[in-house]
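Please find one structure pasted underneath; my questions will follow.
Labels for the chains are A, B, C, D, E and F, by order of writing; each one numbers its residues from 1.
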Amino acid sequence: MSTVRLLNDDELSPQAREVFADIRATRQSDVVNNFWRALAHDPVTLKRTWESVKAVMGPGALDPKVKEMIYIAVSVAHGCPYCIHSHTAGARAKGMTDAEYAELVAVIGMASETNRLVTALGVPIDAAFEVS
Amino acid sequence: MSTVRLLNDDELSPQAREVFADIRATRQSDVVNNFWRALAHDPVTLKRTWESVKAVMGPGALDPKVKEMIYIAVSVAHGCPYCIHSHTAGARAKGMTDAEYAELVAVIGMASETNRLVTALGVPIDAAFEVS
Amino acid sequence: MSTVRLLNDDELSPQAREVFADIRATRQSDVVNNFWRALAHDPVTLKRTWESVKAVMGPGALDPKVKEMIYIAVSVAHGCPYCIHSHTAGARAKGMTDAEYAELVAVIGMASETNRLVTALGVPIDAAFEVS
Amino acid sequence: MSTVRLLNDDELSPQAREVFADIRATRQSDVVNNFWRALAHDPVTLKRTWESVKAVMGPGALDPKVKEMIYIAVSVAHGCPYCIHSHTAGARAKGMTDAEYAELVAVIGMASETNRLVTALGVPIDAAFEVS
Amino acid sequence: MSTVRLLNDDELSPQAREVFADIRATRQSDVVNNFWRALAHDPVTLKRTWESVKAVMGPGALDPKVKEMIYIAVSVAHGCPYCIHSHTAGARAKGMTDAEYAELVAVIGMASETNRLVTALGVPIDAAFEVS
Amino acid sequence: MSTVRLLNDDELSPQAREVFADIRATRQSDVVNNFWRALAHDPVTLKRTWESVKAVMGPGALDPKVKEMIYIAVSVAHGCPYCIHSHTAGARAKGMTDAEYAELVAVIGMASETNRLVTALGVPIDAAFEVS
């Protein structure tokens, strides 16, 4: 089930090959997962996307594990099973415990419920929540 | 813009009054925001929702600030402006810095982009991401 | 806030005028709400949409009030405030009681929560739920 | 395809075991479907979710069959195949006929179309639809 | 995985048979894809949907290939793998090149990212974008 | 209604000032719309987003007007009124006619309807639509 063939290492263009090398170096792993193999048909988007992901998910003010959990939350709300599976694996690899995962799932469920209650009722934003 | 009138304190049923008292006691604030005033027409759902929110968002394995940030992520992906405003205010009240907020927003944007790239391409889940 | 001007009765093309006449006759009301006034720029889509709505929402196996409630549920999950407001008004006009409305909202919230729990966990479909 | 293993009856914690017993007693069936087996890793969320589902979906102002149909509508708009399959089976078990199912599907489709037409055109809410 | 059985040609009602004949004549192909075989249980919705699709996707101001690409964009944002696969095949059959497909996917990803950035930040609409 | 203040030109950091200058030069207009003024609090995301938008939406295999129409389609399905308004204005500025706009809106509506019909029925992907 895919709209493009996944490319193996022998089929990459020179530009895609460079991106794959950087993925392997950055992650210190030989595995390049299917997302990049599907995206490799378009080396320009491959390169732009990888560089953005590397910049956004790298060290910063937030714990990388927390970033993965936020990624999971967005992926669940967007209904992307691939993304949920890959970032759940990623969060676990970065130390997410079973207890943290259970709370993450509970918060996602709770937010989904109140999001839709608010939308159904058309609740107007409290003045106190406005910035300007 | 709402499908029900927001109830003020004088219009509450006895059961809704009890929930409002617990909201005020738990949050140590006299303010009860519009969401609860819209939900107060149905004291059963008001009570169940408040007790669930209190349990899920309370102390646990995850930092309460992180829980608010996950809540924001879900609310953005679901397109709920009220929820985004209230939980962004909540996260700030719990200590979210400008730098953390900027990274949260960047991760939400990044996840949204790759979620849709994955979905467009129909990428199959890597065997390594499967639990069983 | 709209991307096209709402047309008033004097600005309608002859084909749009006919559709408006049928809306008024079918609903036995002189009011033609904003949706149709925005759609009237394109008489072909106006006519096709009105005839589809009339056919789908008319008498059948399901109570028209129940159809309006299903419409609300979809509109909430899609985040369409206009649609939520118009069909909540429609359901009330067709007899939806406050108690029924409260249960509708509760079911929408509950479904939203379990939808996202299921998606987060990637639950496989039970064989018993498969038709073939 | 799941992010957690489905637990069988022998692997349940005592609290999860109690919830499963209540599911069986309430539904008068020995089957406990996969959703609960995935959720059983977190007995707190399992218990809270089951009690909420039992309360919301139980007898009330709306016909239980209608509640299942609303659940299907939300699940379709959220794109949750598991939920669609389980609640379609549930609605049929509660008496939904083929004719009712056909109308449900047609209303969901219709609502989806007009939801997006309204959103594309940015139609402003008619004053008549406002509650306050 | 489906909630209704796919009907084969021998199982069609007379009305469904007529629609299938028109699908084959219009597309000049003997293949009738699964969507129509699932919808054939309800000949009324089958007929209305087919006639709408035929009218909307037929010749007009926009290139039919562009219409297929817009269809893909909507289907990705709604998370419908079937629709993505069928309309990607359709766009290719109507001449979409690999370069055009790569740009389509990039635009979908980009729009998804900025959509959520805008939503997270609650950006107010510029007066210049308002029509009236 | 926003979660951050919109920055005016006098409040920009030097890096944000550079991005604004490039927006003005690229678009050959003095106007910098609200999206960039909200994003300007985070110059890193501002710069990355602007450069991605410039690259993705610039000249290529697809007509820039078509890219704007795809952007609108995604924005409608994601429910982002700001994005819909800004890209509808953008498409018109790039030559989208009223007839093209009417067809765009009709295709978006049609796709939304069949997306949800397919999802409700759980239609399996035809083998002919699979790439590998």
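Convention: contacts are C-beta pairs under 8 Å (C-beta built on N, C-alpha and C of every residue); 3 or more make two chains touch, one makes a residue touch a chain.
If you want to know which protein each chain is, UniProt gives these names: A, B, C, D, E, F = Carboxymuconolactone decarboxylase family protein.
Since this is a predicted model, take the numbers as computed values, not measurements.
Between chain C and chain F, the least number of touching-chain steps is 1.
By the residue-number overlap criterion, the interface of chain A with chain B counts as same, with over half of its numbers used by both chains. Most remote from chain B, judged by the distance between CA-atom centroids, is E.
Listed options E-F, A-C or C-F contain a single repeat of the B-E interface, assigned here to A-C, on the basis that more than half of the contact pairs agree by residue number.
At the far end from chain D, in terms of centres built from Cα atoms, lies F. If each chain is reduced to the centroid of its CA atoms, chain A and chain E end up 27 Å from each other. Between chain C and chain D, the centres computed from C-alpha atoms are 20 Å apart.
For chain D, residues that reach two or more other chains under the stated contact definition are 1-4, 6, 44-45, 49, 52, 74, 76-81, 84-85, 88, 102, 104-106, 108-110, 112-117, 119-122, 125, 130. The touch graph of the protein chains shown is complete. Here chain E touches chain A in the complex through residues 79, 81, 84-85, 88, 98, 102, 105-106, 109, 116, going by the rule given at the top. The residues of chain C lying in touch with chain A in their complex are 72, 76-77, 79, 81, 84-85, 104-105, 108-110, 112-117, 119-122.
Contact residues of chain F toward chain A in the complex are 1-6, 44, 48, 52, 55, 125, 130-132.
Against chain C, the residues of chain D that register as touching in their complex are 1-4, 6, 31, 33-35, 38-39, 45, 49, 52-53, 56-57, 60-62, 66-67, 69-71, 73-78, 80-83, 85-89, 97, 99-100, 102-104, 106-126, 128-130. By the touch criterion stated above, chain C contacts chain F in their complex at residues 1, 3, 41-42, 44-45, 49, 74, 78-80.
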